[in-house]
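Following are the structures in question.
You will see two complexes here that share subunit A, one where it goes with subunit B and one where it goes with subunit C.
Moving on, here comes the complex of A and B:
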């Protein structure tokens, strides 16, 4: 046997096999990483959707628009930081051309430039109060009138609201995607594979930051619900709204705050996603449908289910885009999420972690 | 006694014949080709204006190109009507343009949004033909759209002067008698770019293609694959990506581990901006070594507008272009100045194409002396001209494809200003990119169609 292994043919084919195994291991790790950042966005949006559904019983089709509004908080903040002075560009001789230099750069030099570079993470400062306000305004101004109406009517009104928000953004920012960049220190790729002895595995740094950020936000939401009195009341309200009300607690006000928090979570997901994908007015709709599938697969009303399903579907979508998979099933990358949803609903009609009685009345 | 006078004196006979002869000749002196005015055709203009339809993407992944195309159309209309500095109306040779509209009628225009979708583009073109009574449709920034609108124009009997469309099919298997293309095509890109790629990156390379999944992407992938494989390159994978995918990470992730050392992005517009930015700034591909060689990225169809969108990611990237505002010829300088003064930025290649197409249509009508499309088509078929920025140019009669020099361009490492993002690496002569019209098949179809006048 040992002698056989020594033969040149066998040893070379073993090397080839080892090589392709190492290669495919690398590919698998890369696609998992790829699924994690996308999954992070799905999970954050689905988490907000589930929170709203669990507390208020409202199916919020405007949640994707909140993700998009968050992204445009980044755009707005970056534009505020780059309000510029118009200077004649002498290097263009054909016609009178002007270039724009941000005032921050004119006044503070390198410090100003650094602030402009960090515009995306800094825009969280704008996004949190703005999204909270949007959440409160939406709930008080529109959604509360639809608590007692059917889910179909809730879907229609929130979908209409999403279109209105979309058109407002289109009016002010145009239809084209607006690219934003990650801070230079977090741009480029990181050799994450080196940590596990895989020198060929490197992955964009900002996408890793996004994944960690989404984990942190998810952890914060869960900690808020599990560890604070407010969270305890909200959870009690989710379980039995009537009894909590009978105990003299104004559960309605608490739920308004929950709606605000869900809006902030979606908004933050959007803010940090901008360096990955240049936002346009349609961004929300692109994510909304997928996020609803995530909620359904995870189980309506299950927060943990939403998070787990978010990451799971993100990773599955990445694997479906691998050439090896597409060679066998062409076009599978476009439909995998819906295919999984169909299978899950057939096998477990309440989703992976769905509770009995939710949306079954 | 009555005096007998002859019925016709010699003098009277001469006077009458002269008057009759002059009377018969008058319409032919003042109205050339007057016979064709009697022809019935779609949207024959009867008033003092002639309306053109500019169908451009105002949303979707090619919206930037669409916005610039629209600016160019507006400038062309100004120049045709004798406003502004006249632009290329003054440089076209041979020219019948007079700067007083088209055949003396003031040029007006309507616009539509193709949304970079074939069905939306067709609906928009149909509306312009039926409601706005346009005589010619131009624009478009996608071959899918161009092929769809061109076929509609053939059916309706309305001229189609294609805007930015680079698929071989537009003047290949899907060519139409009523459609003309000024832009070059994927085959020409392959022929022009191939030798430069061999020179710069060697002949022992393995390429990985990411391709926009529609007619243009397919033909460009095929053309570039054929051209590079003829040099000795190998092809590791060809992967199709949906148009407007946005996030290309799942398609970029496997590239570095595929054994390929060159990534060829068969993307354009917003897709190219996204995929190139993600490949260069997020996945850091340009700094990697694969197979002991520097990893390279090639974007076969390149534009100044995309370079603006992609920022630093374009530095050192090779591709081809139809035209560039930095070309050293009189017409290019005139257009760059005229466009720059009007809009504050030089024209993109999409803008140049649409501007030129509008002027060439107007010139063909003036040459034919009529708006009757079959005569206009005759004036454009085999038309050889200069003074439009590309040097000597031919509109080949066999397939309505335009032949001129092709530019190989490179993203500039150290731009001197905000518009100086690409440098011309090589001007490939027209002869090297000319091919036999029969290789892509297709039929032009008839010029005498009843169209919407039926």
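Moving on, here comes the complex of A and C:
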């Protein structure tokens, strides 16, 4: 970048300029990639938040906690798989040494070892039913009593619930982050640059997997909403809840299912995020505030807006944390998302893709 | 210090209050209401000042915790002016608390260890900060307002940790040191290189003097809040809470009232932050974190939103619970359930232990939920329910008298 300012007109420096341009292109692509996985997490959480807000009209401050619960599904599943047997370590001959071998490995050999390695993606099998159950329980046990109450009270009760959930997790798993590893096949870095003709851009494989995974989940949610009768009812409910109720459709049941789906989406986002960021009990709170901002920027009640804003803010954040940007605006990486939210709320309160008249006040 | 708050409140509210009062029982109503106000104030002042006596039996009769009661009482009182009176839920009030703390510590460093200067400066800085944030945030209402304030508070928190390190001293936190100039103290002939505790014109604010300093400010803050509640300004805020559209249609611009309420409540938070720095001259960014904002919301709700006394009670109850719950450990539990047979004792201790000590936040979260679900009016509503029921029983079930009596 420095070469640009110095002598851009001298032919001898053209090569240098091109080189730096290519270099900055690399950096830009790297930053976009950096933003994509974080943006994916934001988008998934924000999608669930919007779904809940659009259909049930509830502001769910416990949604970050659901993300965190998903992450701990992964932890639990990995721990279940690695329940181990203590055996004598034959390789140490000087003294009696023991090592732990997971039962799976003892029983099934290499297959077992592969299962242990793939613990994180496999924990989806645990997370989906578990999060569905949690979502149902939450909606039936708590949220449904708050449909008619003010947003402030909804915020407060779900905030309390979030504290309770994270403290329960803290009680069982401790306060320290628990690192998990991606499957070895996906743990290295991928030469993504080769796709764009830039050989020196490589990127952690798992983050790309996460991005693709989030895209797949988003696509599944949208397909579900667009292609099924149930989805049609949900969309109708988002547009005009009262009329749908008057048409004789049991909204209560639908609401429960929607809440369950939103919980599963947040949970899946958490499950797959564990190799990127070691989960601890306040992971949810950290993501919640940002996801709320994402929802507001995207437009309250707009599903597409939530997804777009999620990726947009993720990318924006990673750009703001480039050293070149930080040199000009110190600290910008810390506040960029909030700053964008403030500007959007003031200039276009309904958000980037919010419908006119929906929650605009 | 309170004078400035008081006059500004008077300027906005008090004089029109007298002008607009209906002619019929105007004077009488005004007189009697103000007389009962002073009775309430006197009782409140007495109760606060004698806290060391009547709270001693429950183990809260020592200055450290009573000081906390008073400081967070002020914080919650101020928060209630905004949330309780006007219905605007700010989720970023801790930012003002933190700002107040930083401002006070800076005064300790630069000018003097006199607490009065520090506290006044804390109020002023927090007020200006609240004016800026309030001006922007109040362009939106409802949940958007909550998110805007949350965003501003998080920005302040993040900046305090990173770029503003020269002012806030980052993660270490801002504290007084021997090399501080302390200009005024030096001028008065004190050796600036000896670290002293904050004082009030020579009275070191440690232990009981510290508590009484906070207690008197709490009483002052309570008085101001009472005046605001009874003024036309307070009435405006309540009207905004019940129906803002109608206020607008009637031709009132609601924003100046809201902004005034926001700034006043920010100043209360600044005062509380300053007092926190007085009790311990150390300010850290964690005071600004949004969980701290959530805490003051809980205090207010727990006590009773919109009531005068509720937030103070809520703050005290919460700080008290925090103190006792977080100090319990397993050994203590075993001792206190000693009277049970061994098996049962172990069982009870296993059940209870996740809720105490480190797990105090679990209790806090549960408390939060229980209050919001079952008692949205907080402790004050609970008390009102109980007295109503009690009176009903006394007068042979005639609800009419009970209601008028209330």
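As a convention for this text, the second predicted complex is superposed on the first by the 333 of 361 C-alpha atoms of A that agree within 3 Å, B and C clash if a C-alpha of one lies under 4 Å from a C-alpha of the other, contacts with A are read in each partner's own complex, and residues count from 1 in each chain.
Just so it is clear, contacts are C-beta pairs under 8 Å (C-beta built on N, C-alpha and C of every residue); 3 or more make two chains touch, one makes a residue touch a chain.
Everything numeric in this text was worked out from a predicted model, so none of it was measured.
Trainee: Given the superposition on subunit A, are subunit B and subunit C in a clash or a fit?
Mentor: Here the two partners, once superposed via subunit A, fit next to each other without clashing.
Trainee: Of the partners subunit B and subunit C, which touch A:26 in the superposed model: first, second, both, neither?
Mentor: A:26 contacts subunit B only, not subunit C.
Trainee: Can A:34 be said to touch subunit B (first), subunit C (second), both, or neither?
Mentor: first
Trainee: First (subunit B), second (subunit C), both or neither: which does A:204 touch?
Mentor: In the superposition, A:204 contacts subunit B only.
Trainee: Have a look at where A:334 lands relative to subunit B and subunit C in the superposition and call it first, second, both or neither.
Mentor: After superposition on chain A, A:334 lies in contact with both partners, subunit B and subunit C.
Trainee: In the overlaid three-chain picture, which partner chain does A:89 touch, first (subunit B) or second (subunit C), both, or neither?
Mentor: The answer is first: A:89 touches subunit B but not subunit C.
Trainee: On the A-aligned overlay, A:349 touches which partner chain: subunit B = first, subunit C = second, or both, or neither?
Mentor: The second partner, subunit C, only.
Trainee: Once you lay one complex on the other using chain A, what is the shortest C-alpha distance from subunit B to subunit C, in Å?
Mentor: Superposition on chain A places subunit B and subunit C at a least C-alpha distance of 5 Å.
Trainee: Identify the overlap between the subunit B-contacting and the subunit C-contacting residues of subunit A.
Mentor: Correct list for subunit A: 334.
Trainee: For subunit B, which residues count as touching subunit A in their complex?
Mentor: 58-60, 63-64, 237, 239, 242, 246-247, 249-251, 253-254, 256-258, 270, 273-274, 277-278, 281-284, 309, 311, 325, 333, 336-337, 340-341, 344-346, 416-420
Trainee: Write out the stretch or stretches of subunit C touching subunit A in their complex.
Mentor: Per the touch definition, subunit C meets subunit A at residues 83, 87, 89, 91, 136, 139-144, 146-148, 150-152, 154-155, 158-159, 161-164, 290-291, 294, 297-298, 301, 354, 358-359, 361-362, 364-369, 372-373, 376.
Trainee: If you look only at subunit A, which of its residues touch subunit C in the complex?
Mentor: The touching residues are 59, 142, 145, 149, 151-153, 155-157, 159-164, 167-168, 170-171, 285, 289, 292-293, 296, 300, 330-331, 334-335, 338-339, 341-342, 345-346, 349, 359, 361.
Trainee: So in the complex, the part of subunit A that touches subunit B is made up of which residues?
Mentor: Residues of subunit A touching subunit B: 23, 26-27, 30-31, 33-34, 37-38, 89, 91-92, 94-99, 174-177, 179, 181-182, 187-189, 200, 202-204, 206-207, 276-278, 286, 317-318, 321-323, 326, 333-334.
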